[in-house]
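Read through the structure below, which is laid out as C-alpha cells, and then see the notes.
Should a chain be cited, it is by its letter among A, B, C and D, assigned in written order, with residues numbered from 1 in that chain.
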Amino acid sequence: MTDELLDLLRRMHEIRFFEDTVKDWFTRALVRGSTHLYQGQEAVAVGVCAALRPGDTTTCTYRGHGTVLAQGAPLDRAFGEILGKANGLCRGKGGSMHLTDLSVGALGSFAIVGAHLPISAGAAWAAQLLGTGAVSVTFFGDGAANIGTFHETLNMASTWKLPVLFVIENNLYGEYSPIASTTANPVLIDRAPGYGMPGVRVDGNDVIAVRDTAREAVARARAGAGPTLIEAMTYRQLGHSRSDPAKYRPAGELESWLARDPITIAEQWLRSLGVSDADLDKLRDDAAATVRDAADRAMSWPDPDPAERFEDVLA
Amino acid sequence: MTTVATTVEINYRKAIARALADALATDERVVFLGEDVGAAGGAFKATEGLKERFGDRVRDTPIAEQAIVGTAIGAALMGLRPVAEIMFADFAGVCFDQIVNSLAKYRYTTGGQVSVPVTIRMANGAGAGFGPQHSQQAENWFLNVPGLKIVVPGTVEDLYGLLRSAIRDDDPVLVFEHKNLFGVKGRLPAEPDDAYLVPLGVASVVRPGTDITIVAAQQMRHRALAAAAQLEGDGISAEVIDPRTLVPFDLDTVAESLGRTSRLLVVQEGPPDGGWGATLVARVAAEHFELLDAAPALLAGDRTPVPYATPLEDAWLPDAARIRAEAARIVRY
Amino acid sequence: MTDELLDLLRRMHEIRFFEDTVKDWFTRALVRGSTHLYQGQEAVAVGVCAALRPGDTTTCTYRGHGTVLAQGAPLDRAFGEILGKANGLCRGKGGSMHLTDLSVGALGSFAIVGAHLPISAGAAWAAQLLGTGAVSVTFFGDGAANIGTFHETLNMASTWKLPVLFVIENNLYGEYSPIASTTANPVLIDRAPGYGMPGVRVDGNDVIAVRDTAREAVARARAGAGPTLIEAMTYRQLGHSRSDPAKYRPAGELESWLARDPITIAEQWLRSLGVSDADLDKLRDDAAATVRDAADRAMSWPDPDPAERFEDVLA
Amino acid sequence: MTTVATTVEINYRKAIARALADALATDERVVFLGEDVGAAGGAFKATEGLKERFGDRVRDTPIAEQAIVGTAIGAALMGLRPVAEIMFADFAGVCFDQIVNSLAKYRYTTGGQVSVPVTIRMANGAGAGFGPQHSQQAENWFLNVPGLKIVVPGTVEDLYGLLRSAIRDDDPVLVFEHKNLFGVKGRLPAEPDDAYLVPLGVASVVRPGTDITIVAAQQMRHRALAAAAQLEGDGISAEVIDPRTLVPFDLDTVAESLGRTSRLLVVQEGPPDGGWGATLVARVAAEHFELLDAAPALLAGDRTPVPYATPLEDAWLPDAARIRAEAARIVRY
C-alpha cells in the first residue's frame, strides 16, 4: 500500500514538474502555439491509470500531458514533442495538444472537444470482439460533456456493453465559462441513468479515492457489465491556456482548491502511514531531478528536417 | 485479370454484399458496422445475409454517425479493419469532423505510430428523386483533406474490386457507391478471387479514341460512353477514361491520353467549384499545358442544390446529349 | 369541447387520407425518391398543434406530412410538392421529405436526422429576445434521440430557458431497428433530469391526452420556465418507407396497435360525448372528399420549368 | 471610399470587435453567439466589450457547435441576423452538416420562402504553431456547396468592410478571419461609417503590374506583395490581386488583369486539390484559355496536414521566396 502510494505520488510530482517546465517554456516563448496545463488535476490521471493493466488504453484531451505521462510515456520524448523535436513522441508533427504513445496504450490527445470519446469506445469494441479483456478509458472535461459525441458514444457504449470508462475531469470551467453558465444541470452524473449506466462522483484530488473508483469500474467493464461514467471533481490551478490570467474566478476559489492540492493530500496520506517528511522531500526532489534531466535531454535534440513533413501521411 | 474462374452475373447492389462477404470471409480482422446494416440487411438491401453469416462482426448501430466513425477508428487502432457504412453520403456532414480531423490526420499527427485501415462506404449521387439532402456528390467535400483515399466505382467489377482493395488497404478509404447504379449488372467470380481486386489509384480507359479525351466517373461514365457512341456517328473519336479513384488521382493515364487527343472534357456530377473535375482541369492546365490544343472544359452539375422534381433534377445532371454537344464544340475549337 | 374534438378528428382524417393517397401514388410509381408516412401517429401532431396559437412554430422530420398539415398547410400545395409541381409548397425543389410552409409557422421538414432540433431552439431564442411570447415545437423520432444534436440542443435550450417543446414521436422503431436494439435505456424521458428539464410520457394515440400534455408544456414555456421533453408513445402502422414490408415486427404487435388507432380512440371519445355514428361517418366522408379534391387539383398543376432550378439559391 | 471621416489605427483583432459592435449598434436585429464570446471577450480576445454593451444580444454558448449554428439558423428564420462564432475554422467539421445541409440549402429547399441571413465567423489558417487540428484552411471545404458566400479578408479594412457587409447580406456568409493576421494594423473611421463597407464578390487589385498576375488572399496576399517588391528588382512587374471573396468569385477582375499580363500564378494557403486556387486555375483555363501565354500555376501548401514543429510548418507554407521564384519561372516560360 505505502509503496504503491509512494509510486503514485512520484508520478504526480513528475507531472507537476513537467507542467511547470512547459509553462516556463511557453512564457519564455521557447514554444509557439497553444498549451493547456494539468496542474491540480494530477490525481485524476494518476489515480485512474493506477487501476489499469498493460493492454488497457486511454484517450485524452489537448490538456493531456498528465494522462499520457501517467500511462508511462517517456518524459523526454513528451518534452521533445512539445518542443517540436525530431525525436518527439510524434516526430514534432502533433505538438502539445497531441501527445500520443501507442506503445504504452496512450492512443492520443485530441484537440477537437469530444472527438476522442468514440475512439475509446472503438478500442473497447475491439477488445470485446477479440476477447482480450482490455479496458479503454477516455478522459474529457466538464465542457466536453455538452457536445454531441458524448451523447452518441455513451448511448452506444452502454447498448453494446463495451468495456470503457468515461472519466469527466470536472475542473468547474470550460475555457473561461463556469459550468453553471453552460450546463443546465451541472451534476453530470445525473445523465448516467438516461444511458442505463452507473454514474459515480469522486474527489478528483484524492488519488486513492480516484484509483478505488476506477478499479470498481474497470472490474465491471472486464466482467462484461459495460461502461461507467465517472465524474472526478477537481480544479484547474492555472488558466485555460497560456494566454489566460483566469480573472473570471471568484475570490478565494483558487486558494481553497490549492489547500486541497492533490499532492498535499497524497502526502498527508503517506504521513499517516508513517512516511517521514525527509522521505517525502527526497521523493519530490528526485522527481524534480528526473524531470530536469529529461527536459535537458529533449532540449539537446535536433529539429526535424523540413523534408520530414512529407512523411507519415499515408502508410 | 484472369478469366479462367467461372463467373456469375450480379448487380451493383448485390456486388456490395458480395464484396463485404468475401472480405469478412478472407480476413477475420474485418468487421462491419452501421445503421440497420445487420438484422435489416441495409437500407438499400445491399448488405443482406452478412449478419446471419458473420454474427458479432456485423453490428447494427444507433443513429449516431460520429460514434460510428469514431468507433471504427478506435477499433482500427487495435488491429481490426473496420468497414463503416454511412447510409447516404450526405450524412457525411454529420461525421465530417471524425473523418477529416480524426481519421485523416491520426497517422500524421502521431508521427506515423500506426496506420488506420478504416473503410467508409456511402451512397452518393443524384438522379433518383431523393431531393437536396439525399443526392449530393460528397466525394468532393474531402478533396482538400490529405490523408484520405477516395474511390468512386461505376461498374460491378470496379465496385467489387475497389471495395475489397479499400478494405485491404492500410490507409483510410472513402468508398462512394452511386445510388443510381444499384441496378447496373456485371460479372463476378463464383468464388472469392484476388484476381478481381482493382488497385487503388489506377484509372481505366474504357473506350479508346483519338480526337478527344472524356474523363467521367460513375453515372457520368455511362453517359459519357453513350455520348461517345453518338459522337462516332458524328465522325468524332472520343476516348473515355474512368478515373475510378479520385485520391490518389491517376493523372498519368489522362496525360498519356491527351498526348494522343490534345483535347480534354471532364464530366463531373455535382457543382463545378471545388470538385475533382476542376482539380483535374487545373492540374492538366498547370502540368500539361503544352499537350492542349484547345481550352479544357468541365461539364458539371449546376451551382445549385440538387432539386427534387424530375424535370428539374434531369436538367441539373449532364446527360449524353450535352456531353456530345460539348465534346463536338471542343473538337471543332 | 365536442366541437374542438370534432375539429381535431377532422384533421386526423385528412392526414390519414392524405397519407393513404401518397402511399397509393408511390406504389403506382407516380412519385420517385422516398417517402415516409404518418399513418397511426396523427394524434401526436394534431394534439400538439391544438395547443399552439398563431405565431408559434414547428419543425419536423422527413416523416412530416402530418405535422405540416396539422399546422394548417394547404392540402393541395402539400400534395403538389410531393408530386414535384411548380405550385408545390416548395416549388417542387424539396419534395416529400421537405414540406415547409412558413406562412403557417411550419419551419420545415428535415431529412437529416436531428438537424432540426437546434433550428427550433433558435426560433425560440428569437421569441425570447423579441419578447413575442411565441413557442417552438420540434418533433422527432425515438431513433433521433440518440444523435448528437439532441443532446446539444436540450442542454442549451434548458440552460437558456428557451420556450421550446421537444416532442419525441416514439413509434418504437428507427428505420427497422426496435428501440431496445439501439438505445441502452429505452425510457427516453429518463434523460430529461440530466438536462434539468421536465420529461413527460403520454399516450400518443390519444389526441386529448397529447393536447393536454402539450398545453401544460406550452404554458410553462410561455411563462419563461423553459423547455419540456415530451415522449409520445405511438406506432408506425406502415413500414419505414415505401420499400419496407416491415417483416421485423413481432407477431401481433401491429394488430394490438391498430386496435388503438388514434382515429378510433378519438371517435370513442366523441361517441361518449353523444356524437352519433352518422355524424362521425359524415365527418370522415367529408374529409375524404376534401382530400380527394385537393389531390385532383394538385395533379392538374403543371410541372416546373427546368429553368426554375436556378432560382432560390440566393436572395 | 470617402476619406473625409477621421480614422483611427487599429489591428485586425480589434477590428473584429469593432465591426461587430458597429453591426450590433446600427441594426437591432443583429445578435451574436458563440463559445466564450461574451463574458470572456472571446478566445482570441476579439470580441471584448460586446457583452457589456449589448447584453442579452450577445450570448455565451455551451461547447456545442451543431447547436450554435442550428440556433443561428432558427433565429434568422424569425427575422434576426445572427452572427455565430466558430472559434477555430477547424471546428466547422463538427457542425459541417448544419452549414452544408441546413444553412446552405434551406432557402432552395423551401422554394425561396425565406432567406437565411446568418453570418458565421471562424479563425482559419496556419503559421502560428497550432498543429494539425487548429491550422486548417477550412474555406476550401465549402466550395462545392451552393448556397453559401465565403469571404477571406486579409487586411483590417477588408475585415471590417466585409464582415459588416456579410452581416447585412440576406444570404449565409462564412467569414474566415486569419489567426496569423490578428496583429496586422490598418485604419478605420472613428465612427460607424457605411462608406467603409466592402461589397461581397469584388476582388481588389492591390498592386498593379504588367508581366504576371498573382492572385493571393489573406496571409498569402501579404507574402505575394513582398515577392512582387522583390520581383521588381528582378525586372518583373507583377500585378497582385486579392480576391477577398471566394464565393461568388470575381473572375472578371482576374481576366481583365490577364488581358494585360497573359500569365497567372495563384498562391493558395492550404493543400492544392479541391481548393479555390485549383478552381480558379480551372476556370481561367476553361473560360479564358486564349488569354494565357504560359501554363497557369498554383503554388499551394503541401498535400499533408499542417505540421506543428516550426521548421516543418514554415516549409509547408509558401513564402515570398518561393512565390518570387515561381513567378520568375512563369514569366520566363
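In this text, contacts are C-beta pairs under 8 Å (C-beta built on N, C-alpha and C of every residue); 3 or more make two chains touch, one makes a residue touch a chain.
This one's a predicted model, so the numbers in the text were calculated from it and none came from an experiment.
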Per Cα centroids, the chain farthest from chain D: C
Between chain D and chain B, distance of the C-alpha-averaged centres to the nearest whole Å: 31
Separation of chain B from chain C, taking each centre as the mean of its C-alpha atoms, in whole Å: 36
Chain centre separation in whole Å, for chain D relative to chain C (CA means): 40
Residues within chain C bordering two or more other chains: 88, 90, 92-94, 98, 110, 112, 146-149, 152, 155-156, 159, 181-183, 313
Chain D: positions in contact with at least two other chains: 61-62, 64, 66, 90-91, 93-94, 97, 101, 108-109, 131-133, 146-147, 302-305, 307
Overall pattern in which the protein chains touch one another (line/ring/star/complete/other): complete
List of chain B residues in touch with chain A within their complex: 31, 56-57, 59, 61-62, 64, 66-80, 82, 97-98, 101-102, 106-115, 146-147, 149, 169-171
Complex contacts: residues of chain C adjacent to chain A: 146-152, 155-156, 158-159, 181-185, 190-197
For the chain B and chain D complex, residues of the former touching the latter: 90-91, 93-94, 96-97, 100-101, 104-105, 108-109, 131-133, 137, 140-147, 247, 249, 270-279, 281-287, 289-290, 292, 294-298, 302-305, 307
Complex contact set, residues of chain A against chain D: 31-34, 84-85, 88, 90, 92-98, 110-114, 143-144, 146-148, 174-177, 181-183, 243, 248, 303-306, 308-310, 313
Contact set on chain D toward chain A in their complex: 35-36, 39-40, 43, 45, 60-66, 90-91, 93-94, 128-134, 302-305, 307-312, 314-316
